[in-house]
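Here it is, the structure in full.
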Amino acid sequence: MIDNVYLSDISRGILKENPIFRLVLGMCPTLAITVLVKNGLGMGLAVIAVLTCSNVVVSSLRRYIPEQVRIPCYIVIIATFVTIIEMVLQAFVPALYDALGVFVPLIVVNCIILGRAEAFAGKQPVLRSLFDGIGSGLGFTLGLLVLSLVREVFGNGTLLAETKMAVQLFGANFEPMRIFAQPAGAFIVLGLLLALTNIVFKRLQID
Amino acid sequence: MQILFAVIALGGVGAFFGLLLGLAARFFAVPTDSRIEAIREALPGANCGACAYAGCNQYAEAIIEERAPLNGCIPGGAMTAEAIAAIMGEEVDAVEPVVAAVFCRGDQRHARDLFTYHGILDCDYAQQFHGGFKACPDGCLGLGNCVRACPFEAISMGPRGLPLVDQSACTGCGLCAEACPRDIIRLVPQGDQGHLVWCSSQQRGKTVTRSCEVGCTGCRACVRACPQEAISMEGYLAVIDLQKCDDCGLCVEKCRFGSILPRRESAAPAAAESEAASA
Amino acid sequence: MEKLISILFIYILVDNFVLQRFFGICPFLGVSRKMETAMGMGMAVVFVITLSTLVTWLVHYYILVPLGLEFLQLVTFILVIAGLVQLVETFLRKTSPTLYQGLGIYLPLITTNCAVLAVALLAVRQDFSLLESVVFGIAASLGFWMALVIMSGIRERLDLAKVPASLQGTAITLITAGILSLAFMGFRGMLSF
Amino acid sequence: MNDRLVISSSPHIRTVQSVRSVMVDVLVALGPVVAVAVLLFGYRAVVTMGVAIFFAMLAESLWLRRLNIFGDGSAALTGLLLAMTLPPDVPWWITAVGAVTAIIIGKQVYGGIGNNIFNPALVGRAVLVVSWGSRLVGPIWPQPKPFHFLADISAVTAATPLAGEAEALGTTLSQIFIGNVAGCLGETSALALLLGGFWLLYKGHIDWRIPGGFIVTVFLMGTAFGGGFYNNSLTTGLFHVLAGGVLLGAIFMATDMVTSPVTPWGKLIFGVGCGLITMLIRLFGAYPEGVTFAILTMNALTPLLDKFTIPKKFGEVKQVA
Amino acid sequence: MATAMFKGGVHPEYRKELTASLAITALPIPEKVIIPLQQHIGAPCEPLVEVDDSVKKGRAIGQSESFVSAPVHAGISGRVTAIGPYNHPLGHKVEAITIESDGLDEWDGQIRPLENLEERSPEELLGAIREAGIVGMGGATFPAHVKLSPPEGKAIDTVIINGAECEPYLTADHRLMLEEPENVVLGLEIMMKVLGAGKGIIAIEDNKPDAIRVMQQVVGGKPDLSVVPLKTKYPQGAEKMLIQVTARRQVPSGGLPLDVGVVNHNTGTAAAIAEAVLTGRPLIERVVTVTGEGIRRPANLKVRVGTLVSELLEFCGGLKEETRKLVMGGPMMGLAQPTSDLPVIKGTSGIVALTAAEVELYESGTCIRCARCVDSCPMNLVPTFIAQAAEHGQFDRAEKLHAADCIECGCCAYVCPARIPLTQWIRIAKAEVLARRKTK
């Protein structure tokens, strides 16, 4: 389908091996912070940044890291970038930082990042790892966006709330279905979305 | 100054645990299968648990003990599965592709039932009652053990109680043939070349005609008719060697019972019926 | 004392770590297929969280704070947890094969269980005392254990149910977790500290 | 071909009961409750029940692509049970959302009847409570207007007995028993609920253990911890049984066969657990009523209860070590 | 006397009124009999005759060296015309000896009664029972002499005659107790003597008050015998339930009645034993209830073993149009037959023809967990879980759920509103579990 290896590195992460809908990884932040599109987008960008950086560093250091201490080294690398992102967020978008809460430092233990470092960046050249990081990160962000879109529209009746482009969708009399904003709603919506992607992928015969 | 502290603290923690782990690894070392190591290397090592095992280690051990499928690692995907397969030495030999075929045409219209069975819809269990409800002891019971056995959804139950094989989905794994208690399903080369005797009856001719309109009676008319000598008898059943068959169709003309059909047509009537049934 | 009991109660039922706070979802989804593994995993998590909370609290207040290195919190915590888990695993594997089979095999999974790191971080962020931190860790992990065991029971039954193909596996587990979360919302507002 | 004999495994005779007949019997058992609801709340009750039943049956037949909208009757039952848990003045669209949610999320995603883990009607209600809490469990409820079928009930409001102790004192227990109080459609009249319950017990569709364990636990907890605000502790216990949704829950919801244990001990523990959690929520929780959440929580525990309460087989001998 | 109860059970429609008041009629001597060489649990017999041999009534024509086996005898006098496989009630073909009648119906010359009954030793009595080919006639067909030979160290103090006849429709035992009560009691006394048991009990369900009365009259004055009325509930006649209710002892799981000092036998078996000892005549005929809505003239018939079912049906006026199912034995535990071209065997207590109205082909649905099967199971099992485990091939789980303890009474499947073939599933699980235990 796509012969360019870099393009396929990107598209794989977004579609075929979408972290959320296909691999079902990184569920904790996915469920927790997708109440609003803004939060989903923020978390997604943070993950893209960390994932890309850590992929690049892991890949460039892959020959120098001894096998035995591979995982601890990866974790330190990831933790470093997460700390940096944390500081950046705190400094420039404090509201978003507060909204994401403890889930920003928890990016460290997001299976996607360690998983990509192990499965891909630890074995592949730097440039491919870069694109793989971007691809998986974009896939993750896409998942967050879809989920937060559904939850915000039904659970809050708005689009892009708490941003400059906020839209009140259904007028003032609308009584939003609050369950979408609740933890229970997050689980149920994600479950249904997963089922939906299963059906779509089966129809399109992508496996 | 702070930077120095940071380096020292981090280095200290790192060194402390590194030392501890190094010591621990030396003193508490447990010998393991080298393949487990190799598989663990091949695995992403995220310990995400998506494989339903407690971690990559456990999954690797399960593979070695052949309790787990090779492609169980979801994050690793196909690449990892291939790598594991290489370690386990399980390479798929290049063989001629085969597909499953149902050697019975005795559907609800053509074959007689002795009685009505009511109970668990399972060929094995139905057969426990007076040897099965079909008058033909080798005929398809149509309760779908093969359909349930197929992991690829390549077999479905036709409208008149005969299973239909979807050649494009069939991988020739043979699970359906194993599942059939009457050994009606056999594996044949892929494609629609050649003719076949669509019957598995080992009964004498008289018994066959009493129980089924399309069963092979073993009359040998086809054997005599075949210019390629592709047809031979196995007991009371004619069998066509697809290697020798050149699709001339003379056997079809000679067969009084309609047991022989070209492969490309064998599925057609059933398909047409299912369309008619749904219309 | 009252605060300790409140913490215990709240983090088991009211603010359940899995169902209301979304920590440790990956192992929750992965290891809840069989009751046996759920029990083992739960036990291991209780053990590790309690231990790691204790250690990270000490590291934070006796190393990082005096040195003014709070910004290294994340890196040190994750290192400490990873090291601790590895250590316990190696130790168990050698000393007690039975305990290792029951508990140790779940240990590698726990490093990436965000509940562990979350407890360590939240204990410091909420200014808990050492005792409170440990109780918090126990409560959070017991809550995790409980959710895991309940879910494993349900999934064993779902294995026998006629769940539509597209919903099988994670999808139906998530929906079930959602309804479970909904049921647990009834405990809201019960206690506070 | 009708001359062929039928062969099957024994037994060769079967009871005349079927899933459908069981569902119809439960619908019949709800008869007195429905009658009281219509009597008290007039046409609003009819509208709510109608909408709930219709949308439940519609959702089920659409999902199953089935023409027979009544089917085995379970969807209609779910719809009616959901309606019973809703306030009389609830907007019709809330009822509809609840009914569809109950059928789809509560039942069909699990594979339909027999496979669901949670009581569908209560899943529907819980979703509604969490989504539009103020409309379902708010402090102000319409006052019933017996025998005024077309009355606009929302004109006069009152608090439900459970909403506040002070208001409760103004309502006598006998009124709560008969049902002339504010509340959800199906939970006001203890009398009607008990009638239905005895009919179900008589028909063998429910086991005494679940409602028994539930009600007794609520009574004991109410007596012990209710504070005795209602004359004395015992009447307070009784009040907790009669007011709110305990009877509706104990007789019609907790006893839902699919989502409750099958073993005798499992059933008893299930009932007691429902009672315990209900009273925990009532006494200490943020919600005034806890029956829905209690039953859903115990639904989740049902597989565990079933697993660990397998009865002792006949002739089991103690293993002599 | 109050009757204790057992847990579970069901109350099906009994329909015994169809035949309960009809006296036993002897079926005319058939043209031919087909005598299967295996009519009992245990080793099959080897034929003692060849084709074209002439045999007299009562001559042994099949025997086995094995202890767990019972000989078979010629039911009529005549000529052996064939030896070969023939339809059998168990559902597969079994070697059988066909005898064509010479119309004389003469007894074999070697048959003579045991004289001086009082002086005979238990061993001699037991030998006579074995020679007579007597098996459990309630349907289980376990050779009688095996049950009457408890292993060393197992003392039997109680013999129970099972006159419960809890299966719906059947009245063969009921009629036998009314018409040959002395034989039943004598059979019981012989068994007590063989076993050295001090106590004899005749247990009868209270839907047969006349049988209880008659038996009480016969038993009257014998201090070691008693008649125990039972509440009418299926499966009251199941061995383990019967022993619990009458002897107040619970047979341990996996054990036999003799583990609690009890042996029980069917009414018909007792009468056959009495007959064999009194006259020396082997078991060649039995009482069969031919009944059901599908039979034109229901009857209780005395039939030679080996008579074709079709002859019985013909004698009873044939089957009605609407007959859809032919059951050999009672409707709860009997075996459905695809044809009437098969012989009556020693365990055939009844032939029940069920009509379309009773046999409606229900679609089986999904379990709604109503727990009726749990409530009805007399063995205190959880049928729905066992069936579920079997359906998913989880036989380890089925074993943990005690699938092997099932007595296959059919109560669970009877009460299931979803019409799940629970008993069939559990049978599959039980067979698999027992097979696995054997290989272990």
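As written, the chain order gives the labels A, B, C, D and E, with residue 1 at the start of each chain.
As a working rule, a residue touches a chain if its C-beta (ideal position, glycine included) is under 8 Å from a C-beta of that chain, and two chains touch if they have at least 3 such contacts.
Please read all numbers here as calculations on a predicted model, not as lab measurements.
Colleague: Take subunit E out and leave the rest in place: which chains still touch each other in groups?
Modeller: one piece
Colleague: Looking at every pair of chains, which has the largest contact count?
Modeller: By contact count, the leading interface is D-E.
Colleague: Using Cα averages as centroids, what's the distance between subunit C and subunit E in whole Å?
Modeller: Averaging C-alpha atoms per chain gives centres 61 Å apart.
Colleague: Quick one: subunit A and subunit E, Cα centre-to-centre, how many Å?
Modeller: 71
Colleague: Please report how many Å separate the Cα centroid of subunit A from that of subunit C, as a whole number.
Modeller: From the centre of subunit A to the centre of subunit C is 22 Å.
Colleague: When the centre of a chain is set as the mean of its C-alpha atoms, what distance in Å lies between subunit A and subunit B?
Modeller: 39
Colleague: Using the touch definition from the top, which residues of subunit B touch two or more other chains?
Modeller: Residues 14, 17, 25, 46, 48, 50, 114-116, 118-120, 129-130, 133.
Colleague: List, in ascending order, every residue of subunit A touching at least 2 other chains.
Modeller: 24-25, 71-72, 76, 111, 114, 179, 182, 184, 188, 191-192, 195
Colleague: Among all residues of subunit C, which ones touch two or more of the remaining chains?
Modeller: 26, 29, 71-72, 75, 79, 83, 111-112, 162, 164, 167, 172, 175-176, 179, 182, 185
Colleague: Within the complex, which stretch of subunit D touches subunit C?
Modeller: Spelled out, the residues of subunit D in touch with subunit C are 105-106, 109-112, 114-115, 117-118, 123, 126-127, 130, 277, 280-281, 284-287, 290, 292-294, 296-297, 299-301, 303-304, 306-307.
Colleague: In their shared complex, at which residues does subunit D touch subunit A?
Modeller: Touch list, subunit D to subunit A: 97, 105, 109, 127, 130-133, 135.
Colleague: Which bits of subunit B are touching subunit D when the two form their complex?
Modeller: 113-120, 129-130, 133
Colleague: Enumerate the contact residues on subunit E facing subunit D in the complex.
Modeller: Touching subunit D: residues 7, 10, 12-13, 168, 240, 250-255, 323-327, 331-339, 352, 354, 358-359, 361-362, 365-372, 374-375, 378-382, 384-385, 401-402, 405, 408, 410-411, 413-419, 421, 423-424, 427 of subunit E.
Colleague: Where on subunit A does subunit D make contact in their complex?
Modeller: 175-180, 182, 184, 188, 191-192, 195
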